[in-house]
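Before any comments, here is the structure.
Read from first to last, the chains carry the letters A, B, C and D; within each, the first residue is number 1.
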Amino acid sequence: MHVHDLNPKKALATIIIFVIIIILGFVTLKRPKFIYKVSLQESIELLKDKNAYFYPWQLVDVINKVDNNIVLIDIRDIFSYGQGHIPGSENISAYDLTSKKYIEYLNRLNAEGKTVVLYGNDQLEANGPWMWFKQVGYENFKVLLGGYKYYLAHKDNLEETKSDKSYILEVPDFNFAEVANKGASIQSTTKNTKVPVIKRKKKKTVAAGGC
Amino acid sequence: MGPLIPNGVITGDWDFVIALLIGIAFGFILEASGFSSSRNIAGVFYGYNFVVLRVFFTAVIVAMTGLLFFDYFGWIELDKIFILPTYLTPMIVGSIIMGFGFLLGGFCPGTSYTAIAIGKLDGIVFTIGLFLGIFLFSETFPLFKDFYYSGFLGNVTLTDVTGIPAAWFAFAFTVIALASFWFTMIIEKHIRKKITEYKF
Amino acid sequence: MNRNYILLTILMLALATGTLFLKKTPNYNEIKPQKLLWEIIQPTRYVTTDQVAKMIINKDQTLELVDVRDTKSYEKFSLSGAINVPLDSIAATSNQDYFGLPGIKVVFYSNDDIAADEAWVLTRRLGYKDTYVMKGGLNCWIRTVIQPQQPSEDAPYTEFEKYHFRKGAQIYFTGANIEQGSAGKSKVSIRRKKKKAVAAGGC
Amino acid sequence: MKNINSNKNRPHYINPYFGGVLLGLLVILTVYITGRGLGASGAVKSAVVTTADAIVPIHAHTNPYYSKFISSDKSPMYNWLVFESLGIFFGGLLSGVIFRRVKKIRVERSPKITNKTRLTAALIGGILFGIGSQFGRGCSSGAALSGSATFSFGGVIVMLVLFGTGYAIAGLFKKLWI
């Protein structure tokens, strides 16, 4: 007494179609070129690593070709590079960093354990790309502090910049709390006739502390 | 890509057209598998017809493995799908009550609709019962409101509770299901020898 | 027929075994690395101190300033209405409530712009949109808004316009120009968004 | 129909594994499209709420359970699950027509019991199922099937307890079925 169809051939056929879909899924699956190898918290820790940065005075060895283990990469566009760059540096514009040609080159450098130093006009320009490379697992990438601008200003006395710390950013140049309150007094002589339309009745001392 | 509606791929009133189509497919599968017959359904508890167990377990393991594969391919983002919230104690109690209802009525809500469709009076009565049951529940709801909300664990998955990856559950379920398929095949043969035929 | 059942069993078992070998998929909230790099290269995330000043003065309800310096610096001085999310703890779940609110522009700032930019990269990786970086940071804020330099006589007209705006902003932020007197003692109403979680740090 | 042993009129159901595979794929499709699984009891709930709202609106709005499902702009019947359940009915009808199972109103029962017993049991069963599905946050299709398929802890609990209870008490109701 069987009320149901006993032969599961349709079930088998459906499962086979299902398997084919899954195989198609595997075939069409695009392996991402890059994956994050460093967690968010780890990459925050990496930012604190002094060795992750490249200091201007370290450039001396590269320029004099003493250290072959360091590759300087200028990530500005080709025009800026043409107008002037750090001697011995190569130009890979930021837009081309992950293009097939260059990423293979960078992969090779990384595999060989070379130190790759990225620089832009200033630290900020290369900082993002550098963070990115760190996060996708390029351990030997560094960023040049001060960038090209700092190099240009000090190219004749790079050795002496060991004592100069002006390329270290994120240092407050002012005592903000003080300056922010007194800012006006410094400029008291200037004419304030043309004040832009602002709702002035709201004025108050700077809301220090936010809360 | 998927799920389509939560990801905003499909919007507006297409929702309800899709709901209707999915429902039609669901109803068709239920009816064609024999779920419109309460004696077929109840057979699972007496060993003379394991259609419920077969359909149900096959569906669960196909869906589980399929969802895992599709999640891997990026077609369905499992993180974005709705996970049934867990209210442990009310759920256990509710399931026990449903178990009694299942054996007495021989239907569950979905199958009773299909039973109505092919003209089963017991299906109609069961659905009226459902209506009354929910009505009764709603009217007396204030009495066990606290119980209703007790044991809340959140929208947790098996992985959240046990820490074991979902794939292991899919695998375990598949092994158990396949083993039970073969096992019940033997039981069914054995029991059917003794039983008189039933009509539909 | 039995052969079909055996085949079915084998296929299902193979499929289920297959799932065990699927590597854990990455966190979907994070955007794809390639996309992140692309956005890092674009300079569109930078806003100037003037723009920030203008938004503060206009009481732009869509602005949320985020100070990514440490709590101590934040307590000493911060821009009005800013909340404090130190860079170190930007990945903490309790701080995630600040980002990704619909229609809210998050502007990061720090002493310069490096830390703010880093905060931007990290939050962008998490998939939050509408985040910006105040270029130049507080150092630039002081130089431009609080102590604006009068442009030289031959500077283009736009420079003067900018200067006049800054002078106004300076008055707004420092409370200079006594002639306004005590006309408006009313406070700068600091916009506080309702947060699910208690604001970490300074509040 | 009267002849119990008539083999000619025997309905022909599809292979249960075929049904299962189709159902599994349907669950995947539903999750793919809507981000949640199938359901059935929700429609009856909507019907109850609608009825209550229509007959005694004040009561419906003050009852803490009804009011959860009443919104001012839309009828509770304007609900995904209601449309889905309508679909279930039409799908069943379609299958019934194709496999020639749609016949005049009849009662299916064990030969050992009367129609009245069967209908009473069905009514009580329905009531119990209705109450249970509210506590269980779904019935066998919503909670047990879709819940389990999406790895929900609660779904698996409902499935295990529901079938476990069924087997535990099967002996009590044997007469109803065989």
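Following the convention adopted for this analysis, a residue touches a chain if its C-beta (ideal position, glycine included) is under 8 Å from a C-beta of that chain, and two chains touch if they have at least 3 such contacts.
Remember, it's a predicted structure, so these values are computed and weren't measured experimentally.
Engineer: By the contact definition above, name the pair with the higher C-beta contact count: A-B or B-C.
Structural biologist: B-C
Engineer: Indicate the whole-number Å distance between the mean C-alpha point of subunit A and the mean C-alpha point of subunit B.
Structural biologist: 51
Engineer: Give, as an integer number of Å, the spacing between the C-alpha centres of subunit C and subunit B.
Structural biologist: 46
Engineer: When the C-alpha atoms of subunit B and subunit D are each averaged to a single point, how far apart are the two points in Å?
Structural biologist: Once rounded, the distance between the two centres reads 9 Å.
Engineer: Quick check: how many Å separate the C-alpha centres of subunit A and subunit C?
Structural biologist: 17
Engineer: Residue numbers in subunit B touching 2 or more other chains?
Structural biologist: 33-34, 40, 51, 58, 61-62, 64, 66, 69-70, 72, 74-75, 80, 173, 181, 195, 197, 200
Engineer: At least two other chains touched by the same residue of subunit A: list those residues.
Structural biologist: Those would be 3-4, 6-9, 11, 15, 18, 22.
Engineer: Counting only residues that touch at least 2 other chains, which ones in subunit C make the list?
Structural biologist: Expected reply: 5, 8, 12, 15, 18.
Engineer: Would you mind giving me the full set of chain pairs in touch?
Structural biologist: A-B, A-C, A-D, B-C, B-D
Engineer: Which of the residues in subunit A come into contact with subunit C in the complex?
Structural biologist: Residues 6-9, 11-12, 15-16, 18-19, 22, 32-36, 40-41, 43-44, 47, 94-95, 97-98, 123-124, 127-129, 131-132, 135-136, 169-174, 176-177, 179-188, 190, 192, 194-196, 198-211.
Engineer: Spell out the residues on subunit A that touch subunit D in their complex, using ranges where they run on.
Structural biologist: Contacts found on subunit A: 3-11, 14-15, 18.
Engineer: Help me check something: in the complex, which residues belonging to subunit A touch subunit B?
Structural biologist: Listed in rising order, the residues of subunit A that touch subunit B are 1, 3-4, 11, 15, 18, 22, 25-26, 28-29.
Engineer: What residues on subunit D touch subunit A, complex-wise?
Structural biologist: Contact set of subunit D toward subunit A: 10-18, 20-22, 25.
Engineer: Report the residues of subunit B in contact with subunit C in the complex, numbered from low to high.
Structural biologist: Spelled out, the residues of subunit B in touch with subunit C are 61-62, 64-65, 68-69, 71-72, 74, 77, 79-80, 165, 167-168, 170-171, 173-175, 177-178, 181-182.
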